[in-house]
Every structure is written in structure tokens, then in C-alpha cells.
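All remarks here apply to the structure that follows.
Order of writing sets the chain letters: A, B, C, D and E. Residues in each chain are counted from 1.
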Amino acid sequence: MTDPEIASPSAFPEPSVLATHSAATVRPVHDEFHGDLLEVSMGPQHPSTHGVFRMVVTLDGEVIVKLKPVFGYLHRNHEKLGENTTYLGSMPYTDRLDYLCSMTNNWAYALAVEKLAGQPVPERAEYVRVILAEMTRLVNHMCLVGFLFNDLGTSFTPLLYAFREREKFIDLFESLSGSRMMCNFQRFGGCRANPSPEWLGAVSKLVDGFPKFLDEYEQLLTGNEILLARTQGVGCLSPELAVQAGITGPMLRASGVGYDIRKADGYGIYPRFDFRVPIGAHGDTYDRYMMRILEMRESVKILQQALRDIPAGPVMDPKSRLRNFRPKPGEAYGRIEGPKGEIGFYLISDGSPNPLRYRVRAPSFVNLTVIEDMCLGRTVADSVVILGSVDIVLGEVDR
Amino acid sequence: MENLEQIRDRLLARFPGAEVTLINNPGPSAQHSLLLGLAQAREIALFLRDDPALRLDYCSNATGIDWPAKEFTDVVRTPVKDAAGATLRILEEKTKRVTPGFLEVVYHLYSMEKKHGPVVIRLRTGNRTDQVTVPSLTPVWRSCDFQEREIFDLYGVNFEGHHDLRRILMWDGFKDHPMRKDYVAPDDYEWEPTPHGAVLEKAKAHYPAPPPATVP
Amino acid sequence: MLGTGIIKGLAVTAKNFVGSFYDPARLVTVEYPEKQIPIPENYRNFPFLVHEGDDPIATLRCVACKICENECPPQCIYIVAERDEKGKVLKKPKIFDIDIAVCMSCQICVEVCPFDAIKMDQHFEIAAGNRFEGLLLHREQLAKPNSYYQKIHPTEAAEVDAMLTAMKARQAAEKSAKAKPAPATQTPPPAA
Amino acid sequence: MTAALILIALLILGSTAVAMSLRNLIHSALLLVLSWMGIAAFYLWAGAEFVAFAQVLVYAGAVSMIVLFAVLLTRRSRADLSIAPASLRRAVAGVLAGGATAGVLTLAVLRTNLQIAPSAAPTVTVQQLGLELIGPQVASVLVVGVILTVALLGAVVLAASDRNDGKEDAP
Amino acid sequence: MNAPANTNSLLERAPVMIRDWIIGFFPESLRWPVGALLAIAAMLAVFGLVFAFLTLAERKLLGRAQNRPGPNRSGLPFFRGTKLFGLTQPFADAVKMLTKEDIVPRAADHLLHFLAPVLVVAFALMTFAVIPYGRQLVAVDIDAGVLYFFAAGAATELAIFMAGWASHNKYSLIGAMRALAQLISYELPLLLSVVPVVMLAGTLSPTKIVEAQANVPGGLIPHWHVFTPWGAVGFAIFMVAALAEANRSPFDLPEGESELVAGHLTEYSGFKYALFFMAEYFGMIGLTGMGATLFLGGWQAPCAFLEFIPSYLWFGVKMLSLILFMMWIRATLLRLRIDQLTRLAWKFLVPLALINLGTAAFWSRTDSWSGPLQFVRWAIALALIVVPFVVIGRRLTAGLAPRTYRYAT
């Protein structure tokens, strides 16, 4: 139902000469015919911005002429806190970064510290970390798809189906780590507790039943004509601009760039598993939705392989130290493929128990760079959907 | 990917006037970095991005670091011997050496096309007070847009050539740069009688009299 | 053909509507006060102090070594050790406060405590009338018997008790061995 | 029956008079709609149900929207609201125009022989109305149809020409 | 009224008998006004209750479709522990709505701000006057009843504009403009889908239309308009347009909460908001009632021997099933964007409705065909429907299809 020639965003700005970027794509604003432009502030108190995020939108009728993201409302200077507590003390705070995927945040931080201190990790811990990371990816993608459909105007039905499945995974996290969302489970050199065989059995049973839920979900939504109309061709992002703007995760792969850190860096034991990385062709909101669905199917494959050949043994390296852990002076940048994109920790140690510099590279923060490029020329209703497809969590954006 | 020394030599060959020095990383992660002079930083960055062998088209992370001025006291001990060779007393000369502080911006570059690992480049400002300008790399990699604004906001590094340099996390009226080591937090704590020391003293100093006991 | 996607979607909602009457998987709400989900064993809420004997304060395992106070990231634990009349520090906490308004139940204090004196509780209905005094738990409210600990964390409690009895046996053996040749020396507290 | 007639007449005349006197354009537009409703009530009183409901549907439904949209979209800047200073020439022209129309109207009313309608007006069913329109009156129906399409095409052309100076098309 | 013999069962004539019994107490001159007042009171009571329990049904149906039980906590005021599966929920909501503070913005146009909800509910109620609920159960039997129904429906736009304009708020003005665009662009398909029914029934009076769909004594197949090709298409278009007129699910754009907060309802709270809410439900009841009357044979029983069940029950079943269908749609579908919504109306529904006029004309002309010609007649009619549907449908969804994806090497 969309008219291709509807005011689609003008030619993508030539990335190299950026200085003229903002002027080139904004139409002459105040000429006679336009009448006065309407400046609307969407957020920070708005039903569909995910958390305290604000977009100052300049509207000409329904069409967006200018869009400035404003955030920082949830800024609690996470990095200064990191500099004032010990390495172990920062671990529970990493749960609060992207509060939907605490396991992957913990793993990224643990990976960076292990790279900083050269700490080996036992075999079983690597498998447990892959299992937990892929479970977190499923949980996060379910949340994203649910919220995206809420922005599109369904009355909570897809969201509640997705949350019904998410609850089962969250309960497994709780029975393993003690808390549903704030797991604080990884330590430098392994995991805090050893998952019992019953727990692993419960995970494999849940994972085997997951594709059935996905099929029902796709039957409800993927073919829906209104969804096709509302999302295809909306918020297109060209591959060049995506790479140039440092977009990572499903949003990048939806634009056709097949870059997945699990394949590129091969950290942990990912090279042992065979899984495929789906790529989109148009880079619009529909592709980003389908990326998440296809990635969920790939994660199920990885989980089944990991659960099949997880070895026995300890999950914590005997030489790892909990208290007064002083890595030798140096710096390290560790990164993993989080559900939202590349989440990385850059640590500089000067031999003391507190890190000299503790930097978090949050995927949502960088993925927001192109929100204006995607929304120019679209209507207000589209901007809400495009923001939903970018999948931001304000705990991570504001740090 | 070729190692850092080869890249440095190619850069020196390509840009004769540039200062490109290799900074060694003592830690086990062995992620060494290249310190670039500010004059030709942007040309070098463009070269790193467009060179067919490197193709570092993705700047994953831009970080600000505050290196405050450090004081070293070198102690030189010269034993004073009497004629018979027995040491009478040791003469200690303490020489105070102060290394000037500076602000540093670190960029981690990756290649999405060739999928090879981090090349770390560092830019350093003159000092921490007036010479705090660094050429912005946002025109080269647009992913540094928000991250450079965050460094400007939290460290005070001024990025020349950035198309929209404003504060990003703190509110616009904020004056100081919170992530600097010598930042003093404002003393506007609400009365939070948590048992713990630091907060308690600061709160007591702020409010001499505790609030009237609230009826439970 | 236009409309088939919508019809398939309607079919899914209908299946869920009909399913919610007979299929438990399709009606997932647990009506809280009447019916409650069994709490998993590893669930952790706020810390509590373990004591062995019947007199809670005297038989606390905590020796006021303040390791947990230093390691706690939000620093919500406040310990003042007991002193006898001559001012010598006794191995008992005179004040042991945890401000559960600040505590984020991250369980680091449990990991770093060398004496297994502090464990995570599973009691979560703790609303209080006052934000300051109401949520500041003192030593008396925190102390709970070891039997309670065995009730809420059975497997973990079993390991801890086994480890403690083994250590006491070892200490007794060393003491008896040392008692014969020379007066018994205070064996150092078990290493971290 | 005449009591109802007087009431309806008062409603129509009263609302149009107040509509002209108000400063707030939106209020006067809404009072205008009230007067159209009054006319529909008059038709009902006269027993012509079809015309009454057509009147409500067309006027209260669509024409009122056009009037309100026109009021909203015209650029009411302060400048053009000030009425030119009262001059004699303008007053004379006003009186002449008013007098001429009043004369024509009274002439028309006097010339027609008004009989008081019999108590029960003949109920004309919609079917007879339809057959009448398609049968003898078919010419007038076609003419009205042509006029409407021409008006519609004119509006489209007008709207299209305004639009394509610089902007593709608003969604 | 060619009512067949066996309709004089007690239940069938009960409402009319009660009315005549009450009227009997009054002198002749007062008979008419009292009858009218009685009809009004009955309708308000019945539809007031139906509205209350429709809100509960909607929340229960939505809940069950989302794997949760829906409201089941509200009990009786003095019996503490009773749990009545949420039956008293509507009354609890009513009390809440009454006690909520009614805030009127200072800069608002107080007269219009107050008048808007009143008019919205008034026009919605006026449409109930002409719907035939039972054999003799129609409040006012006007000859041009259908036209009256759509005239009253069209007047609600005026009230929505008043609400949007009087709130003096940027969001509610945009919301009001959207609502008007939607209502006006969907009035046309609504009326066009009704024209074939009026054309073939030969009358604008709802009672006569229902009688046109009476079933042949002893016949088994119902003679409702929906079972003719042009009737099915007309009914489909009518239902889609009814969804839009009542601001229901895929078209609940004015209060698109994810974009413009609450559209023209932003500045309303307390009982005025409840009035708008009630007007939406009355609109839904009215539209489904008229839909049932025009296409599903109003109070006609599906076949002759089922006529012992009173006619108003048949009408109730049909109307409620259509309303439940609307709620089912709300539980599933996403919301359309404003330009897609208007494009759907002008470029899809209006052309199909016009072509449907052609099929209806063809259908009525070929009434006399019989035997094998019946199949030819049905074939031509179906072709006249399916071909434009597919052609316009394909042009409408040009370039939109579920995609297949490749994987990175």
C-alpha cells in the first residue's frame, strides 16, 4: 500500500563530505507555501519511546523535516563508578547497562578483563557462556519484536505472546543465577556456579519447543498485509551509510553487510558451532524484523549443538582471584556480538585494584547516529516504528 | 593483516612530515597502538580507511582518557666516604619531576570488509587546560559522531571539524567535565542517612540538623 | 491474494482464545496472592546473618572482619566491631546494618565472606512504612538460624555445613596434636 | 401545526442572525450549521422526509466541514481584519444592494398564492420520488450530474496545480 | 406486514403487548408521546446495559486471546470475598469514571468543550431510532430510514471537530484533522455498499428491506442479501467501512496512542471521556445493527421452522456476533498509517463498491434465468467480483510481499 514515490528520503548523504550533511538533506524550511512548521517534542515522557528518550521533531504537516535525538536523562556516569570500584565491584553494575541482556553484558566485561589479565577459562565455562549468551539473544529478540508491534498499534497481543515465551527463559536464568534479569553470573576466569544436569535438561526441552512458537508467531504476523504496508520501504538504511556510521548487529545485517563478530573475531568457542548469519537486502524496518526472527532460529541451532556436547568439569579457573585482583599494567579492548550489536569494554589498568579507565562501547548509543537519516521525509507514525526497529535500551545509551 | 610496525613504516613513507610513534602495551592482550601527530591526523585516518590493504572502514570505539600531571621524586643516593673508605653518611637528592598531564582520545579501528582486528590510534592534546583541541575524525568515520560529542561533554576535549559539537549526556547548562580525575562532585546531596561513612558525613555537613523524625 | 495474511493472523488469535479454556500453556497468569509460583532454590533477595545456637546475637558466625563492607559495590553494609572494656577488639559485630534501600542483592558479600556468615534470603514481601529507618535492618533483624538457611538453600547449606564440620574436625585434631607436645597456638583463621 | 412552524422559523432566523453578529468565526460557523438543521426540521414539518435527511446528510455532514476547514486554513493575519473606516459611499452602496434583494424577495412571495397546506401532506414514498426523477425529470438529473463532475474536476486541477511547486505530494 | 401465521407465540408479541398495556392507562391524546417515551426508555436501558457488558466482553476476549484471564477481581461492595468473574467490572469502571476529576484546560473554549461529548453521544443515540429490532419493534418507522441513519452518523464528524478544536491543544487539533479525514473518506464506501441493497429491495425503509429478505415458508436456505454475490461484497465493504467509522482497530488512528498521545480526546477526563468512550460503542452497536438489518436479514430467522424463537433474539445474536468479530479484529491487527488508510478507501473500496453496483444490476436483470443458466449467472457475477478485487488489490500492494533471505558466506 505504500506509494514508492511517497516522499522517500532524498539521495543518501555522501558520507565522506559530512560537513554539508545536515544542510543537504533538509528542504528549504520557511518558504511561503509551507506555512509555519510545527515543532513537536516526542518524549522523554512518551508512550512509545523505549524509556527516557526524546526526539525533537520539526513537522511540516505530517512529514518530518528535522529530527534531533536528545538523551542523557538516565545518565548516572557508569564509567566514573567503574573507576572508583574494584574490577569485581563493577560486574553487578554491567547488568544495569542493557537491562534486557545481563548475561551478554557480563560476558563482554569478563572477556575484556580476561584479555587484560591473560586469565584462562575452563572448557565447560566457555560452553556455559555460549549457552547463556544465545538464550539472552532469544530473550532480547523476543522483547524487541514484541515492542515493535506495540509501536505498530496492535493491542499488546504479539507482545504478550513473546513475553509468555520470554518468561520461561527468565525463570531458567533465575533458577541458575538467582535473579531473573540482574544475573551477575560471570566472573573473571569462568562462571559463578556450575549448572546442574537438570537445569541443562530443562534448557534443552525449552529450546526444542521454541521453533514451534516462532512458526506460530510468523503465521500471526509475517504475512500480514498491514505489517508489509507499514514496514516495507520504511526507514531504509544503505549499506555504505550503515558501515560508515558504525552500525552493528541485526540493523547492520538488515542493510546487507554480513558482519557478525561471532564469525569475524571467533571469540569464545563460536568457531566450533556451525550457524549461518542472515542478511537482508533492503535495510528497511521489515528486514530488521526478519533479521531478528531468523537470528532466533540460528540461535536455537547453536544452543542445541552446545547442549549436546557440553563437557563436564569445573566452571571456574582455580587460579582466578575474587578479592584484591590486580591485573598487570596495560590496556585491553574486549568485544562480543550482543543481541543489539557490538558491546565492548575498554579497560586500562595501572596495577591497582581499580581500573584507571573503564569504557563501555554500547551498541544502542552508536546505532542511534542514523535515526535522523532514516526518519527524514517520513511521517510521525513511521518515526515511532523506525525507532522501535533500531532497538535501543536507555540504560545502555545513557550509561 | 600486517602488524603495527609495517603499518607505521608505510605511514611514515606515505606522510613524510607526520609523527607516528608506536606505543607499546605491556599487558598480555598485546594491543599496541599508534600515536598520531595532530597536524596530519585526519589525512592518516582517511588513508587508513581507503588503503586497499587495510580497508579499516569501521571505527568501533572512541574513548577519552584523562592523564593528570604526575609528580615523580627521583631519589639519588650518593654515599659520602671518608678517607678510609667507610661510608660516613649517604647524601640523598630528591629531584621532583612533573610530567605534564594531557587528554587523550583513543580510536579502535576494524575492517568490516576484510574482517581483521583492531588497529588502535591515539591523539593527544597539548595539555589539560588551554590546548585541548584535537582534529575530529567524524568526517572520516561517522560512528565517532556521538562518541566524540560524549568525550567533549565528559572530558572537555574540543573536536575541530565536528559538524554538531554539543553536550550529549549532561544538560546544556552544565559547566564542568565530570570524567576528569580532578572533578569535584557538587555538594547538593539530599539528606540520605545511609549508615555508610562518606555519604553520612557529607550529608551531615550539608544539613547540620537531621529532618524531624518521620512518624513510622 | 490480498487478505490471506490477515486471515492467518486471525486464526492464530482464535486458536489462542479457544486454547486458553482448556490448554494450561495458553493461560499463563498466576493469580498472585491466592496461587504462588514455587521459588527456585537459587533465588536471592536480601542478605541475612547466619547464627548457630539459640541465642541469635551471641552465636553469630560473623567475626566483624569487614571484608564484605569493603567489597560491597554500593557500600550498603556498616559494621562496628565489639570492644571489651580494655578496648581490645572482640570477634563480634556490635553494629551490623544493611540498608536494603541501597542493596541491589548482587550476592558479592556472600562470595567474599570467608566465614560463610552472610547468606542470601528468599523473603521478598518486606514493604516498610518509612524509607529510612524502615529499610535499615539492624543486627537483630538480620540474624536468622542456620536451620532457616538449611530450609531455603538445602544443597548449598549442606555443602557449607560439611565444609565447616570438616574444618572444625581438622582444627580439633591439630589442637589435640599440638596440645601434647606444646601449649596450643591459635591456628590462623582459615585462608580465604 | 402552525406553532411548530413558528418555532422552526424562529430557530432558523435567530441562529443566522446570531451567527452574523459573533466575532468568533468558529462559533458563527457552528451556528450556521444549526440554522441548516432548522431548515431540515422545516422540511420534516412539511412531510418531505427524504429531502430533510438529504439536507442533514449533505449540509450538516459535508458542507459544514468545508466551511470549518475554510475558516481554519485561511491565513487570518491581523492586518486584513481591520475594517476600512466608515465612509458615506460604502453605506449608500450597502443600502442599495440590500434594498434590491429585499424587493425581489417580497415580490416573489407576494406573487405566489400561499394556501395553508392541508393538514396531512400527501406522503410521497421514496419509490415514487425515484421513478419521478428517472422518468420525466431525467434531464435535470443529468445536468446536475455534469455540474458536479465539472466542479470535482476543477477542484482536483486546482489542488494539483498548487501542490507541485517544490514538493512531490503530501502523504 | 405479511407475517406468517405461527408468529403469534407469546414471547414474540410480548414487548408490543406490554407497551399497549401501559399506554392503555393514558388518555387518547397522550398515547403517542407516552409510546415514544417508552420506546426511548427501553432502548436506553437495553443499550446502556449492552454497552456496559460489551466493555467487559472486549476486555475478557482480548485477555483470553492474550493468554490471560481478563478482569475477574471486582466483587460486590459489601460481600468482601466474592469473585464474580468480573461481572461487576463495568459498574466499577462507571463509578471510577464518575469520580475522576473533570479537567478543562483554561485556554479551552468552554462551551464547545462541554458540547462536543454531548453531541457525539446524542447523534450516536439518534441512529438507534430507525433500526428494526423485532417484527414490530422499530422506534420510528420512517420511509427513508436508511438515509436518516447515515445522516445522523455523518453529524458525529461535527462533534469530533468541536472536541479537537475546543481543546486548544496542538495534538488534539492534529488528531481531530485525522479523524475528519478518516470519517469523510470512509463515508463514501459505506454509502456505496448500501446502495445495491436499497436498489434491489426497492425501498429505503429498513422494515421493508428486512421483509424483502423473508424466507419462503418451508424453505431451508435463508434469503439474506449476504448470500448473493453482490451482497457478500457489499457486506465486506460495509464492515470494513464500519470499522473505520467507529474508529475501531485497524483504523483507530485518531487516538493512535503510540503517536499523538490520545488525539482529540487528550484534554478530556472523567465523565466526558467516558461519554466519548460510550459514543464509540454506541456507534459500533448502531453500525453493526444496520449491517445486520441490510445484509443479514435483520430479525429474520435463518429458515422457516426456526421462527418460534422471537425475532428480537435473532437480531441480538447477529448484532453481537458482528461486534465480537470487530473485537476479534482488534485483538489481531496492526494500525494503518493515515495515508494508507485514505488510499485504501479511495483507491480500493470505492472502485470495488462501484463495480458492485454493476454486479447487483446484472444480478437483478438476470433474475429470470433458470436451470443451467443459474450457473452461468453465478459464474459471471463471481467473475465481476473476483477480477477487479485481484487487479486493484495487486496494484494496491505493488512491491509488498514477504521476502526470502540469503545468508552471509
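We take it that contacts are C-beta pairs under 8 Å (C-beta built on N, C-alpha and C of every residue); 3 or more make two chains touch, one makes a residue touch a chain.
Source: prediction; values computed, not measured.
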Path length in the contact graph (subunit A to subunit B, fewest steps): 1
Chain ID, smallest distance between chain and overall C-alpha centroids: A
Chain pair with more C-beta contacts, A-E versus C-E: A-E
Of all other chains, the one whose Cα centre sits farthest from subunit D: C
Averaged-CA centre spacing for the pair subunit D and subunit C, given as whole angstrom: 81
Chain centre separation (subunit A, subunit E; CA means) in Å: 44
Distance between chain centroids, defined by C-alpha means - subunit D, subunit E (Å): 30
Multi-chain contact sites of subunit A, meaning residues that touch two or more partners: 3, 6, 62, 157, 161, 164, 220, 222-228, 263, 379
Overlap residues in subunit E, where contacts from two or more other chains coincide: 65-68, 331-333, 337-339, 396-397, 402
Shared-contact residues (touching 2 or more other chains) in subunit B: none
Of all residues in subunit A, those that touch subunit B in their complex: 15-19, 21-22, 71-72, 75, 77, 79-80, 115-118, 241, 243-248, 257, 259, 263-265, 327-333, 335, 342, 344, 346, 348-349, 356-357, 359, 361, 365-366, 368-369, 398-399
Subunit A contact footprint on subunit C (complex, rising order): 2-6, 8-9, 11-13, 15-16, 28, 40-44, 67, 71, 73, 104-108, 111-112, 120, 192
Parts of subunit E lying in touch with subunit C, wherever the complex brings them together: 61, 64-69, 328-329, 331-333, 389-390, 393-394, 396-397, 402
Residue ranges of subunit E touching subunit A (in the complex, touch as defined): 62, 65-68, 170, 174, 249-250, 252, 256-261, 330-340, 343-344, 396-403, 405-409
Interface residues, subunit E side, partner subunit D - complex: 109, 111-112, 142-144, 147-148, 150-152, 154-155, 157-158, 161-162, 165, 180, 184, 187, 202-205, 337-339
